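These notes open a run of structures that come right after.
In the two complexes that follow, subunit A is the common piece, with subunit B as its partner first and subunit C second.
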Partner chain A sequence: MQDGRRSLGYYLLAGFFGLYVLFLYGPTLTIAVLSFQGPDGGLTFPMNGMSLHWFRNLFARQAVGDFGGSLRRSLALGAIVMGLTVTFSVAAGLAFRRRFRGATLLFTLAVASLIVPSILVSLGIGLLFNLLGFEPAWYSSALGAHLTWTLPFGLLIMLAVFNRFNPFYEEAARDLGATSWQCFRHVVLPIIAPSVIGIALFGFTLSYDEFARTLMTAGSFNTLPLEIYGMTTNITTPVLYALGTLTTVFSFLVIGTSLGAVLLLRRRRARLGNDAGKGV
Partner chain B sequence: MARVYDVELVAVTKRYGATVAVDNIALRIVKGSYCCLLGPSGCGKTTTLRMIAGHEAISDGDILIAGKNVSLLPPARRGTAMMFQNYALFPHLDCIDNVAFSLKMRGVAKAERRAQALEFLKLTHMDGYAARLPSQLSGGQQQRVALARALVTRPQVLLLDEPLSALDPFLRGRMREELKRLQTTLGITFIHVTHSQEEAMALADLAVVMDGGRIQQASAPRELFDRPRTPFIARFMGGHNVLPADLARSTPAGDDKAMIAVRTDRCRLAPADDVAVGGLPGQVVAIEYQGTRVQVTVRSPAGLEAMALLSDDHFYRDPLNPGDGARIAWSPDDVHPLASV
Partner chain C sequence: MTDAPLHRPSTGRTITGQANPGAVVGAGQPGTGIARDPRRLPPGAGGRLGGNPVGPYLQVAPMALTFALFLVLPILAIVVVSFWDYDSVRVIPDFLGTNYSELLFSSVTWRIYLNTVKFAVLTWALTLGIGFTVAYFVAFQVRSATSQMVLFLVCTVPFWTSNVIRMISWIPFLGRNGLLNSVLLKLGVVHQPLEFLLFSDFAVVLALVHINTVFMVVPIFNSMARIDRALIEAARDAGANSFQILLNVVIPLCRSGIAIGSIFVVTLVMGDFITVRLMSGGQSASVGLMMANQISLLQYPAAAANAVVLLVIVLIMVTAMLRIVDIRKDL
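Moving on to the complex of A and B:
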């Protein structure tokens, strides 16, 4: 590499990587650009002026679709799924550290729901609710459907985390007089915190953009993905793109915030370390 | 009557299913002494330590600490504190919070517990690193923090699980001195698990050699080295030739299983044909220069081996080479009879 020449493999891989990035972000970018169409613009290029018209339009009451309501429902559902997933995954992860009767069976049952096609899960839950005479709703049947997806994921992550968790930390805590709860609260939880945050984000995003599992279980009120799907069949203006851009920006904000939080934590720790040796 | 013992083990046994890890051991450790549990890996020394700490349930027998039966008490209520082999410092807490952890669990106010923790960090010369995270410390520094964290609970007995094995040899020597200094200053009992007889000899008031889940010998290191009870002890402590008793002319022949030990530094070299001297005749198979000493190994035609540890000037006055005929000889006074196991 001293003469600055790179091998053919380098260019092939670079090209491949370029294509990958293009496929990953190309569509999103296209939609983002098109969402700034002028008031007379259509769903396709060319751009007919530039404006924020469609973003304003988004928040006006639509003839079809209830964007605000569906966003609120999706956020609420995502938050509930996140909370439940974190709680149950951590608890189950702790439980699976001890070999209890039926552990393998329970594990298999939990993880098997990952390979059942999601539309079937949705259909099954929807049918079951009908059969039992319950009204399906986003906060009951859809919540259950989402959990069949996020809980096994959370459990698998926690199993991997506890697999590497050094039990000496807990022994040391007990040796120093910590009760079981104190040991969990002051030792185990802080050490696994990054993974727990990961599970929380996972749970939220999996639920937030879940379509198939919500389809048959949402009841009378749509979640955001269902609403967007409904809009695509009914709306023929760039307001759809404005919606896409807005939700993407929202996702980036969530990711950015969590990354920022992690960085901030690291920075704080590093700073704590740096004023060592000053004879505090 | 004043209490004499800090720790008493009464017929303590640990079974894992059908395997017996610790087999009916009895031990009494005098108040304020430095005790080393010593032995090859798998001998039960760590299990014994963990049973004293309360991290391992006892299958049978009782453990008394300061005269009180603690067999069923949780670790924190036994008056013991343990320093783990890998230190087990909490990675998310800085040094001072690691040391203050036990105080926090007891609900001591923040300012008070930090002040106490700093005091103990001072004791182990780590007060300058109070705000560091464990990952920002070297192994030796982590160990000092772990030591402070154990001592802050003001234990009657400090339990150390192979505390020096993770350190490099230079640091090991320094920490060894430090441990002894701390033990003397604080006047509490230390129980230190190690597989190094050198460490035990340097530190212990009472050295307990274990093998196969049993105590083979428990005595002062000097007695252990000078008067090993069994061939196992003599071999484990090193520095001894363990040979059949009929080689020593002082012992009556007949018992062909009886063994003797002769310290290698009390042995000397004699000409191979000097039959009158006795000892073990054979060929020099190894010569190892050790600085102040030279260790010469002689193998007899029957395959027995013995060593002589000679001062360097003594050896080089009349040096031998591998392959030369020689005889390891000793004086009858230096023969120590061993119990057959």
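Moving on to the complex of A and C:
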């Protein structure tokens, strides 16, 4: 791999990689194509004409249970989970740079939260609410259930970031008279901004797509993944694919926007961040 | 308020101080285990650092509270309820061992647990093989950093999309009249559609691999990216061929990535029920599915006992795997 020409191994591995990508995206592309089935089309090929019939069908209320409502709830829940995940993770990340009692315990809890099976969290929170006499709802019990999944990712990302963080920038700012808050706002935050966007991406998408943790905690109103799951058992038309395609497109938009923002921040930093020797 | 490490350079235990050499050295120190956390904090150390001593506590409070309310308390609730009694409509507070004895002395339970372990082992082996190969290609065979980044993202983007939809996506592919069967029929490879493709153990493992390989790719790639390329060059200069380098240099240095990936995959598969339900079409069972069924029958104490047993098994598996890796250090 060090010399100029590609070896046979390279082409074999490249072929393997290509197959893996096909495996990864092939099925999703298949249902994307099938969601454009004509009105008489079925769940499999061949295509029976091309139309937007099933997308229109999706928004016609009678076809799908409560698609609009579940989408709104999922979006709202995703946004709340995102905000809380970012805030809690950044704050905890800052704390972990100093010594405090219980740091190891909290870290262990975060790892435990990742490895405890989702259905267990779901059952536990459902039972707890039941025992305490609270009514489970997407904005209370499901919110907590989602946070147990997103916060560990947020904390681990922050720990990874601060493991590689050079404190000399802060020292410099402090020497120039910056307060703690100014130091955080104008020095630390811009440096960790790309990772913060990453945490936001995790927070939103993991919540938006979460199924198992919502199952017992959503209460009387479904979130979108629950609604989709319900559809798989009683809907046998391509409207299911139309919904799948739309949600996936939406996920891709969110991911694309986040990655775009990260790239933009990186580029801006590369342009503005280093003016050494430029006489600025 | 984050100035603490700056004022104590002499201890050598500052955050950056122990993290920077970790790039290569950290990956190369086997068997350190989780017990040796270099940032384990001696009690009462906070006060010496200057700044507001309550600061860190306020900063971690929201996260700690969330875990206490939505992780610790719910697990306690499960443990408590697992000893309760129930009939067809309600649960009755009690202290009984019957939920456990009914669970542990039933051959159905054992079959289902074994089946779940089978799924976990198969998925683990396949995701490890695929994930390692994919990560190896991107980390060592792709030369430009930009292409590496792009290919890495191509592998990770589906992680942020809906699992349920990704499972449904296999239906037109694997079904009786699906894409694969029509191609095979047309090519004359088979004379009637293959029935085992969808709604079978095959479909379950396929979907599990499809969804979980990303959990192998990311940590293994992360470990590989930190391997000092000079080590590989040194091995080559010393006469090692590519295979020997892979076996004696690369694999030992990414054992932490392999361990983290394995923990993710095994725990996710052990607790899975949605994949098994959707892809097996009721032909197969897993512990998670068994719990979900008990829950839907309102047999909460039985489900809770099941949950406790599952949790213990998962924790044993993870503890075994954690002996290989110190997660905190390898971030």
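Heads up, the rule we're going with is that the second predicted complex is superposed on the first by the 249 of 280 C-alpha atoms of A that agree within 3 Å, B and C clash if a C-alpha of one lies under 4 Å from a C-alpha of the other, contacts with A are read in each partner's own complex, and residues count from 1 in each chain.
Definition applied: contacts are C-beta pairs under 8 Å (C-beta built on N, C-alpha and C of every residue); 3 or more make two chains touch, one makes a residue touch a chain.
Fair warning: this is a prediction, and the values are worked out from it, not measured in the lab.
When the two complexes are overlaid on their common chain A, residue A:M216 makes contact with subunit C while staying clear of subunit B.
Legend: residue contacts after superposition of the two complexes on their common chain; A:L176 is shown touching subunit B, with no touch to subunit C. In the overlay built on the shared chain, the residue A:L106 is in contact with subunit C alone; subunit B does not reach it. Once the two complexes are overlaid on the shared chain, A:D40 sits clear of subunit B and of subunit C alike.
Applying the stated contact rule after C-alpha superposition, one finds that A:Y25 touches subunit C and leaves subunit B untouched. With both complexes superposed, C is the one of subunit B and subunit C in contact with more subunit A residues. By the touch criterion stated above, A:A160 is placed in contact with subunit C alone, subunit B being left untouched. Applying the stated contact rule after C-alpha superposition, one finds that A:A92 touches subunit C and leaves subunit B untouched. Of the two partner chains, subunit B is the only one that A:P190 touches; subunit C does not reach it.
When the two complexes are superposed on chain A, the residues of subunit A that touch both subunit B and subunit C are 166, 171, 174. Interface residues of subunit C facing subunit A in the complex, by the touch rule stated above, are 1-6, 14-16, 19-20, 22, 37, 39-46, 49, 51, 55-57, 59-60, 62-64, 66-67, 69-75, 77-78, 81, 130, 133-134, 136-138, 140-141, 151, 153-155, 157-158, 160-166, 168-173, 175, 177-179, 182, 210, 213, 233, 236, 242, 263-264, 267-268, 270-274, 278, 288, 291-292, 295, 300, 303-304, 307, 310-311, 314-315, 318, 327-328, 331.
Those residues of subunit B whose C-beta lies close enough to touch subunit A in the complex are 53, 55, 74-76, 81-82, 84, 86, 88-94, 101-102, 104-106, 127-133, 136, 149-150, 153. Interface of subunit A with subunit C (complex): residues 1-2, 7, 9-10, 13-14, 16-17, 20-21, 23-28, 30-31, 34, 43-45, 84, 87-89, 91-92, 94-104, 106-107, 109-121, 123-128, 130-131, 144-145, 147-148, 151, 155-156, 159-160, 162-167, 170-171, 174, 180, 183-184, 188, 201-202, 205-206, 208-209, 211-212, 215-216, 225, 228-229, 232, 240-241, 243-244, 247-248, 251-252, 254-255, 259.
Partner subunit B is touched in their complex by these residues of subunit A: 166, 168-169, 171-179, 182, 186-187, 190-191, 193, 269, 272-273, 275-280.
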